[in-house]
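One structure, pasted below without further comment.
Chain naming follows the written order as A, B and C, and within any one chain the residues start at number 1.
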Amino acid sequence: MKKLLASIAGLGLGLLASTGVSFAADTKACFVYVGPIGDFGWSYQHDQGRLAVEKELGVETAFQESVPEGADAERAIERFARSGCNIIFTTSFGYMEPTNKVAKKFPDVKFEHATGFKRESENVSTYSGKFYQGRYVQGKIAAMESKSGVAGYIASFPIPEVVRGINSFILGAQSVNPDFKLKVVWVNSWFDPGKEADAANTLVAQGADILTQHTDSTAAMQVAQEKGVKAFGQASDMINFGKDVQLTAIIDDWSPYYIERVKAIKDGTWKQHDVWLGMDKGDVVMAPYTNMKPETAKAAAEIEAKIKSNEFEPFTGPITKQDGTEWLKDGQKADIGTLLGMNFYVKGVDDQLPQ
Amino acid sequence: MGLVEAILLTVFTAATPLLIAALGELVTERSGVLNLGVEGMMIMGAISGFAFAIYTGNPYMGALAAIIIGVLFSLLFAFLTISLVTNQVATGLALTILGLGLSGLWGEAFIGVPGIKLQPIIVPLLSDIPFFGKLFFQQDIIFYFSILLLIGVSWFLFKSRAGLVLRAVGDSHTSAHALGLSVIKTRYLAVMFGGACSGLAGAHLSLVYTTQWIENMTAGRGWIALALVVFASWRPNRVLIGAYLFGAVGIAQLHIQALGFKIPTQFLSALPYLATIVVLVIISQNRRLTMVNTPASLGKGFVADK
Amino acid sequence: MQPDFSIRLEKRATTSTFFAYFSPFIALIMMLIAGGMLFFLMGHNPFKALYVYFIEPLTDTWTLHELAIKSSPLILIATGLCLCFRSGNWNIGAEGQFIMGGIAGASIPVFFPEFTSFWILPLMLISGVLGGMVWALIPAILKNRFGTNEILTSLMLVYIAGHFLDWIVRGPFRNPEGFNFPGSISFSQWQVLPEVFSSGRMHYGMIFAIIGVIVVWFLLSKTMKGFEILVIGQAPRAGQFAGFSPQKTTLFVFLVSGAFAGLAGIAEVSGAIQQLRPSISPGYGFTAIIVAFLGRLNPLGIFAAGIVLALSYLGGEAVQISLNVTDKIANVFQGLLLFFVLGCDTLIHHRIRFGHSWGFIKQGVQHGTG
């Protein structure tokens, strides 16, 4: 009996070992996350991308979560570079300096830095998503569903990405109701559920009946569910936290990009680039349209289709800046440089941009 | 619902955990023990409250579990500082660090899981009073309890014999011992009471404030509770004022923003801490006030002479 | 007869030399046992987990450098703090002094980005030291002048410093070319604290820590000032009779510990991060308090304790990657270790007496302590 058990155990070990070997044979993709993978927002979606890579390409992956931006990030990235990773995705803006620093030391390893703009050596690429496209759809929905004509926006940091989202949202809303108002509260954090909940309560108290957020926790959605106001999910589908109130959510789907890039490593065709991924390639996806009037859902689906086919671009003139000066003439499209460094509001935002 | 009412409601929510934790620590300190582990006991209360609400499906069981875990966790501190006479400052810090770590380990399974909320208990008739009804009589059980706790602690400390014993032990453990009072037993009970309160305060965060589990979700509230005790110069009524002031400042900054005023948010966030320092200075300047209320043997270990 | 489960302490006539030397090691072993049990309960092989946690980070030159980077701020801050704690001054706001040191030091490259010469680095370091000293001066003065509790004021100042840093990197210190992202400009080669060896990232912060340890060790054991600190801490009344001023001591120890924390702050900003960011410390100032106690408030012990604590962080990262355990486990180890050290230290000065109902254990303990 003992012998039998031992041989079964041996067989098991053997199987494990053999799969282990074939697993580690060629490519290893590694990921550094700024939050916990269970945040149901930013880091969660990146990890979904990692899982898709594992499933699709059968390569080995590794990750480290909740890595603080700063001195510890450099160690996390370097650890991966040393441990045989062929490609390392660093998924927060704050990893920009350490990513570039480590990349210089390991020319054979490829680095992909999300939302950054520095590519100091040949082996660093940058990538980001055009999430503002989804914000435009949300703005349109908000204006059609709101009774008070006021929406509340829980914002993190006044960086171009967030400012773009706010502007795109108000442009979408104004396409339905030119007098639509948007109140903004800055919580100065990507992930602070207590503060996000307080901010949501504040906005509701001040008359907003639609909430949207550019922070990563589900706290605002839970407040919306309690107070019975409508809300939009952020980064991932948050319908479980607001089943009666979520209108839709912008889902960051990194899987197509991650699969493409890891495959490029496998095939030896990886090249440095800087990409801005949008709805057209399936990297920005809208969650199902729920809890809204049928005509709103129809209008939302229509504009989504137009953005997807590149027939429509949210930042198309005429657009006036908050201070009343003209930004874009009728039919004129925004240039990428201005969008990437956007540091002004368009007309209709009821807030002063923190400088 | 008016704006003032809505603002006050959020202030009440923010102030309740501070009030409870500070009252618990006040009793502990009145017995002469300084427990810097409030933050750690609170976070243990937050996770155990959340977890047991889910295990049992009943948020009241969660709150109860938080109290029990708070007591158990404080016993660790009590054993070291009272029985083994270790340094209270260092042991309290260790308790906080251990609490943050253990709660993180336990909480891993609960990240992203929707919690169960302690629903408000609507008091019949009284809740129909305009304005006040909504504020005071449509709250969750922990809010009601915090008010009872305030009354109870005031009565206990100044009107009961046991309270007299507690204060005697805090003021001079050697004389109390000479009088035949049990210093050790009194202090154990006081620390355990502090643990129970911190645990419940933590449960308020995860069962009422934001019904989810997040690592470090106490976010320094335990330290504020400690400051509140000194701010209040060890008087329960002043803890009430302090807790609501602190809660109000935190909420006010968000409203000021949403109204479109432009003041650096960091300045507003730092304001309560600055205010505490100022109040501490004013209080400590008033010698008579501090002398009367400060437990004279606060922070000092006690070893009975043979 | 009533059962008697009481535990009584009895002061030893002389301190136990055995426990004075071995209590930290007993504590370390107890922590390893507790940690192993924890890993076992979580479903991991305890030996493998402990190996990955505590040994593996020591097997690579690269990780040794990282260990030095992580331990140098802890050692530097804790060395300063041990003077405070020895004299009965509870400065628990070193985190704030660290942050202010970082800000003050970084102000020089931010305001004078063109200034490139050998002199910029010493200027940054001095400025960082001054920043930490100014922040430590506040609780010291408040304590001396008004008798305000320094535990709370120094702690409140941590939060104020944190918010100040947050504001300054988004406002006046923000990199004008950083697309509104919070953070200062990246430092140029003249403004970066250089690496000591070419084999890794370890910078001169570690050298400062070693010098700091030696200086404080000398101060405490060989000078009158050190004697004054010890007397004031252990018997304030006797100190006053001897003509020592508790006020002056408070001022002195706060200034020194502020200077050390400030130096650690600018060394971290200039050497490890190389830019000012919204957060520059993962709680070094608080962890250093553990380090100070773990090192039993002795500079040489603190040096060893700083390395053990740094190892607990690196190990936490290692088990996260290889065993998928949350890095919160580092906090658990740190908390446990401090508990065990504090508990074991009681044995140096006290003998533990158990009530008669503990009989069965009693025999064992008496046997052990002999």
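Things worth noting here:
Basically, contacts are C-beta pairs under 8 Å (C-beta built on N, C-alpha and C of every residue); 3 or more make two chains touch, one makes a residue touch a chain.
Since the structure is predicted, the reported quantities are computational estimates derived from the model, not experimental observations.
Look at the CA centroids: the one farthest from the centroid of chain C belongs to A. Here B-C and A-C are compared, and the pair linked by more C-beta contacts is B-C. Put simply, the C-alpha centre of chain A and that of chain C have 37 angstrom between them.
A separation of 27 Å divides the Cα centre of chain B from that of chain C. For chain A, the set of residues touching two or more other chains reads 66, 188, 354.
Each of the following residues of chain C touches two or more other chains: 166, 170-171. Counting partner chains per residue, chain B has residues 108, 215, 264, 266 touching two or more of them.
Remark: chain A residues 36, 38-40, 44, 66, 152, 183-186, 188, 192-195, 197-199, 201-206, 217-219, 222, 226, 240-241, 350-352, 354 touch chain B in the complex. Note for the complex: chain A touches chain C at residues 62-66, 68-72, 74-76, 78-79, 82, 93-94, 97, 117, 157-160, 163, 188, 340-341, 343, 354-355.
By the touch criterion stated above, chain B contacts chain A in their complex at residues 1, 3, 6-7, 10, 14, 108, 111-112, 114, 117, 205, 209-212, 214-215, 217, 219, 250-251, 254-255, 257-260, 262, 264-266. Of all residues in chain B, only 36, 40, 76, 80, 83-87, 89-91, 93-105, 108, 215, 220, 223, 226-227, 230, 264, 266-267, 269-270, 273-274, 276-277, 280-281, 284-285, 287, 290, 303-304, 306 touch chain C in the complex they form. The residues of chain C lying in touch with chain B in their complex are 7-11, 42, 90, 92, 142, 146-149, 151-153, 155-157, 159-160, 163-164, 166-167, 170-171, 286, 289-290, 293, 325-326, 328-336, 338-339, 342-343, 345-346, 350, 352.
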